[in-house]
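Per-chain numbering from 1; labels A, B, C, D, E and F assigned in written order.
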């Protein structure tokens, strides 16, 4: 164990509130600080909403600046999309509370693919984080990151680990989104993300007899207790993601077990 | 964020009516302007009908010219096929309200495959759009686009993004159709389209005890509320696609929950 | 749009009767003229019977000569097999009403594979069609065509389109059979045929508690209404394929809904 | 159509009795002469028993000599195995009524793989057939043939056709066995055999709540009516394969529909 | 047929008792002498127990020495593992009744892979068999054999046959174990073993509502009747594998059919 | 059999207590000494908890030092994560009772992949074990090991065996964790681990109507009886993994069978 690592050890897992209140209750107060959480889900399941809300709460309530690394959606689009939840992304950006790193291949006319780029990208991200004195960082989504940057499928696991390690070393709490191809199928797209991450949260938007049902589940949280199983959620204008509080869930269970 | 992007930001998502009335109600008035919507479905599920109706409504009711990029069906065939729905495609073409870009490999005797062609194609499309002062554009289907033009499976995601970005920059509202191999299976053919697009609509034509049942579903719409779950549709001569209005759906649910 | 294409436009889809009466009722009078129909099915589902009956009806009742392109079964075998349905293939051949193109690799001692052959084959087919003044053409089956001739899996879609286009240009109504590996599984073997064709008909021969059940279904018909869902069929000596007429189907439904 | 082919045409499909009586009733008297039948099944489903019984009946009752081409089991092993059914293979061999072609790779120390060998093998088979004045020929199994001889997976279809054509030209009635990996799964191993053959018979040995149930089914028979669906069979010492006669099947159905 | 083969013919299949009494009843007295039996199963299903018991019975009760070819477990480990069943492997080894051939890649520092090694291995095996005057031989497991030795997936079938033939020529009764990935799934790992072998026995250890259920089934036995379907088994200390005797199975069925 | 191997033979399988009491009862007292146990499970199923508890019990109660080889999680992270179970990893490390081998690719800037590294890694592990006089060793997880180190998929089986053999030779009891992609699916990721290991334990965390259910199962244990089927477990702060004792399971069964 190196001296740097030694210094990082901290017997109690400090918590970072996400701002999704009923959710923070599921994870004993928030996501563990300086750890990596993967939020997986199908298209439109709410990954970007979750990630933005995590940054928003840090900026508006706790004075923790953030970095948003986007791999396909332009920062401008995210700004508009998140406006419907009442988040003033432009304001935060101007107040230097939020920095975007646009890692999409959109603007570049040519594209050099390979690990070299990934190193360059990591440098840009670290620079932005330092500049903004960021404490929270979002990578939306790592699936895109790997589809765009990593040529060798076998390198995905190693690169994912390398990035997570570098960001944690800077004291950042990392939230990565990951694409899943089906609601209850196996693991996420590259089938590795959920093993490598410290924590895994799954957003579902399942079709059940012509209706959709949205839920959130904490699949794993290394070093910590957490509520297990699926909890219903809603997306609400001017609020963002809202989970059903545990108390109502338990009431529901009591009444249903009474029958 | 570049100056160009800055200029594009528009806090309210302006809506583009599709002309499929009950459908526009599902999406708070229409598809978001200057965004990309993917309409996915199996063979014969109604993708081309949906796309043409979207252009037709713009041309006949809102004076918004359109471009129809076709990758296999000839413009002539589309003209005939859509006549049964009462759409005078030839008239619009002659009035310079609708421009076709025929990107099918049919007529060309030889075929140069690769990204170079794709750039050429994009130039042709942009030229047609400018010429027609188009506001709406249809690409039917992007699956064919990728099967014909993109040799490297890994490049699909990047190219899809590049095209969408270029078209949105021109102020166009983009509708792309995508082929799905099964009704309730995973994602569309290249398994990427539904993540990359801003909005995803799914057309289904499911076999249920020897009968077919047609439905439409808004799977995702970034930055906007929308009705969730499947809604029955019909294809009607002289009208096109018709969705069951929400009010009747709710009545149906009330009465069924009374039982 | 080129001048040639312009000339081909015909606002009303003219119909070509198949001779399978109850079936023609399912498709508003017949298959659209100068279009491509794919008939898919498992081994023994009746693809060759359907295709031959289509040619037979043209020859005997409507004076429309035909071309039968066969890729594995020898013309002699087809002649014998179809005799049990009362079709005098030899007579038609001698009266120059039916021409066979034998594209099977049987007789050739060596085999040059590649697109060059495909071009040669197309030339032979067009020559036979012109010679016989054919109006209808059958390719039985395109799956064999691609297994034998196309080395590059990626070229299947393009070649399929090229052939269909060339034949339609000659005014021919095209019927292609396609092999399916399972009754209710996904799409046909190369997973592309059913998207590329103008019309898709599926023949099923499903095993249901030790019995077989034969049905026909019109999956898609571009530019036209058609009856949807599965309709029972039988194969009858001296008659060929016979579908259950719509009227009896409806009676059956009424009585069953009365219960 | 060449002159040779012309000569082969025979408007009525002559029948070759298999000797499995209740089975011959299923196929209007027997397998069509000078045609190819594929008998598919899982390990131990009875493929070799069916094939040997087909040869046995020709030899003992109809004076039709046969050829048995074996690709893995040694002729000696087959002789012993079939003795339990009362078939005197050694006697037939000595009376020159049955010829074995041992095409197994067992004895050869080295192995030259490729189409060249296949041509050599075909020559050996034809020679044996001519020598024995054979009318019936068994290839057990073609799956092994392809696993051993054909290096290029794409060539399987072509080679299968070439062999069948060559044997039919000699006036032989061909029976090929094929390996299936599951009882009710898709098609046989190379997924092509059942499309290429003129006739397909399936032997099943399905596990149903810890018991095995053996059945036979005629899946397809080009140019002929046949009973459809599964029929129970048994393997009986000193008799071979015995199918349940149709009459008892119908009685059973009547009585069961009375309930 | 060569002279050697002629000599091997033996109209009655002589039996080799396995020592698993209730099992020998399932197969008319034992496994056929000088034949190949494949015993397939998932991890821990009892393949090695079955194989050792087969050798043990030969050694202790019938004075038939044996050879145990092991591909991963060391002979020492097998000795310890089988001690719990009361088998004195060390004693047999010392009395020269049992010879081990250790074909695991464990001890070798480098590894030459290819058919050459396989020939060398076969020589070692034959030498050991001759030395011990062995009548029975176990290869545990052939899946490992192929994973370790055969580089070309296409060669598996040929090599398997070559080994079986060589061993049978020496008069040995061959028992090979094979790895299966699921209880009721298709065939064993290389999907070929169960077609090539003369006899196939399947060991299952299925999870049924949180409990495990062990069964044995004789799937095929060329040239012989045998009981069909699954029979429950147990593994008993100091005894080995014990199958439920047929008589109790029948009683159970009678009583259950009485209800 | 070499002299070294001879020496290793030990007719009775000595047991190594895991410290998970109710679990040790399932396996007749503990895991067999000097053997390899694979613990498989999905993300967050408790593999690392099981492995650490195994080392903890050895260190605190039995004076058996241990080695923890980690392939992705840093030793520092594991220290923090396991603190919530009351394990003082830092203390043990300082008392030289526990040695970490950090085999993660995190810190290394470049990465030489291949068997050479694996040999180097094995040397480091053996050195650490000797230094700490370790009796127990954990490799968490071998899936990562193979994803990072082994380039040739075919070599996985051989390398796994080589490592296990080397560690057992040093008298170590080996516990390896393995990643599984689904709860009740086939085998673990590389589909080989569960055949190669001496013992297999499966941890499940299955989703059952929105709730999670954790269980443990001993799938196989060579040379030993063990309880079969799934047993419920819980993860408890300050305790670690706790299995439901057998006695309560039996009571539950009795009471449920009374109904």
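Note that contacts are C-beta pairs under 8 Å (C-beta built on N, C-alpha and C of every residue); 3 or more make two chains touch, one makes a residue touch a chain.
Remember, predicted model here, so these are calculated numbers, not experimental data.
Participant: Can you name the chains that touch subunit A as well as subunit E?
Facilitator: The common neighbours are F.
Participant: Chains touching subunit A and subunit F alike, please list them.
Facilitator: Common neighbours, subunit A/subunit F: none found.
Participant: Same or different: at the subunit C/subunit D interface, is the fraction of residue numbers used by both copies above or below half?
Facilitator: Under half shared, hence different.
Participant: Can you check how far apart subunit D and subunit F are, centre to centre, with Cα atoms defining each centre and the answer in Å?
Facilitator: 52
Participant: Starting from the mean Cα coordinates of subunit B and subunit C, work out the distance between those two points in Å.
Facilitator: 30
Participant: I'd like the Å distance between the centres of subunit C and subunit F, where a centre is the mean of that chain's Cα atoms.
Facilitator: 60
Participant: Give the residues of subunit F that touch two or more other chains, as numbers and ranges in rising order.
Facilitator: Within subunit F, no residue touches at least two other chains.
Participant: Which order do the chains take around the ring when read from subunit D towards subunit E?
Facilitator: Starting at subunit D and heading to subunit E first, the ring runs D, E, F, A, B, C.
Participant: Tell me, which parts of subunit F touch subunit E in their complex?
Facilitator: Contact set of subunit F toward subunit E: 1-2, 5-6, 8-13, 154, 157-158, 161-162, 165, 184, 186-187, 191-192, 194-198, 200, 215, 217, 219-225, 228-230.
Participant: Which positions of subunit C touch subunit D when the two form their complex?
Facilitator: 42-44, 48, 72-77, 79-84, 90, 93, 100, 102, 104-107, 111, 141, 143-144, 147-148, 151, 179, 181-182, 185, 207, 210-212, 235, 237
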